[in-house]
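The first chain written gets the first letter, and so on, giving A, B and C; residue counts start at 1 in each chain.
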Amino acid sequence: MHQDSTTLEIITRGQGLYEFTGGVCSWLDTVGMTQGLLTVFCRHTSASLTIQENADPDVMHDLQSFFRALVREGPSLYRHAQEGPDDMPAHIRSVLTDVSLSLPVIDAQAVLGTWQGLYLFEHRAHTQRREVVLHVMGS
Amino acid sequence: MHQDSTTLEIITRGQGLYEFTGGVCSWLDTVGMTQGLLTVFCRHTSASLTIQENADPDVMHDLQSFFRALVREGPSLYRHAQEGPDDMPAHIRSVLTDVSLSLPVIDAQAVLGTWQGLYLFEHRAHTQRREVVLHVMGS
Amino acid sequence: MHQDSTTLEIITRGQGLYEFTGGVCSWLDTVGMTQGLLTVFCRHTSASLTIQENADPDVMHDLQSFFRALVREGPSLYRHAQEGPDDMPAHIRSVLTDVSLSLPVIDAQAVLGTWQGLYLFEHRAHTQRREVVLHVMGS
């Protein structure tokens, strides 16, 4: 049994979903873990994680539209608005999605299904430098 | 320290919540882990996981009604609709619930509360064969 | 590699977000784990977990308002209502947030970002005694 960890930096340029499946799989290859547990953790409260279909970009478009309509931006809607109209909606959208994900590793690969990709869901309007911590434990 | 994993197959027949707590506990019994961490991972983007009350079936009915009203099905609502009106709503409902769950194992049992059951939340209208990966690590 | 676990008891007095980051960090200090994986698990179906900004109390206020508006309380809205108007909304709000969280531990600390705090999200109106299980595994 051994473990390893790293931090991925993802630069985001506005609201949207940024796939980072490739970065996770590449790192996992370098660690050389045959069986174990991979954890993905987002160190922010206005960006989050999700796993979704990575075949059709329309899925990302529709996801964003849905969250934009569900969690409205508006100056009178929230008390917490120091950083602009996208501030509090970003926190709420983060709560509705994921901050951590756990993926079993079998035969040296994360057990993602055929259509599953890992995404950072950026909820802020302006450029951000995001940190996603990866940790794996196993043998 | 050792680890083990398996894949549960769950056949779903339409939208709804399918409990699989029994399948998880049975498998955990065969593994013989006293203390550790159990991970449950859903390999799909149109079905998801949740833990909810398994005493009153009305909870499942109300949950489904809520998600049906929150994430509408309609031909003009989404770009991604190749597979029918339940296609994109299924993705969104998956994002709003869980793709992975982590349960500590203590005294050879997952630490589920009295009323907690593990559910596969099927969001597609037609029969599906779903895969849920279980992984446990501990001693 | 070793592991440890404990149960935090949190008394809640009505709906709202109760921070317990301090309790988790204190326990982690006593365990003395340098690198590993921390799991936080909520043993209830009408209270849940989330990680959010712990600098401005307005974030908690706005979060609560959002969930109150999104998941309405009303006698005619749900079949499952034996325990009052907050019963079924509590289950739904739990499903929309988290029951388990996974946090890598590096340099003897959970890798929480600068603004991230761990919260128990209480969805019931009356006083409750809640159990949150902590488990850590590593070296």
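We adopt the following convention: a contact is a pair of C-beta atoms (placed from the backbone, for glycine too) under 8 Å apart; a residue touches a chain by one contact, two chains touch by 3 or more.
Predicted model only: the values in this text are computed from it and were never measured.
J.: Would the interface of chain A with chain B count as same or different, where same needs over half of all numbers used to appear in both copies?
T.: The interface of chain A with chain B is built from mostly unshared positions.
J.: Tell me the rotation angle, 0 to 180 degrees, that brings the C-alpha atoms of chain A onto chain C, to the nearest 5.
T.: 120
J.: Chain A to chain B: how many Å between their CA centres?
T.: 20
J.: When you check chain C against every other chain, which residues touch at least two of them?
T.: 1, 37, 70, 96, 98, 101-102, 137
J.: Contact residues on chain A for chain C in the complex?
T.: Touch list, chain A to chain C: 1, 3, 5, 37, 39, 41, 43-45, 70-71, 78-80, 82, 88, 91-92, 94-96, 98-102, 131, 133-135, 137.
J.: Sort out for me which residues of chain B touch chain C in the complex.
T.: 1, 35-37, 50-53, 56, 58-59, 61-63, 66, 70, 96-98, 101-104, 106, 111-113, 115-116, 137-139
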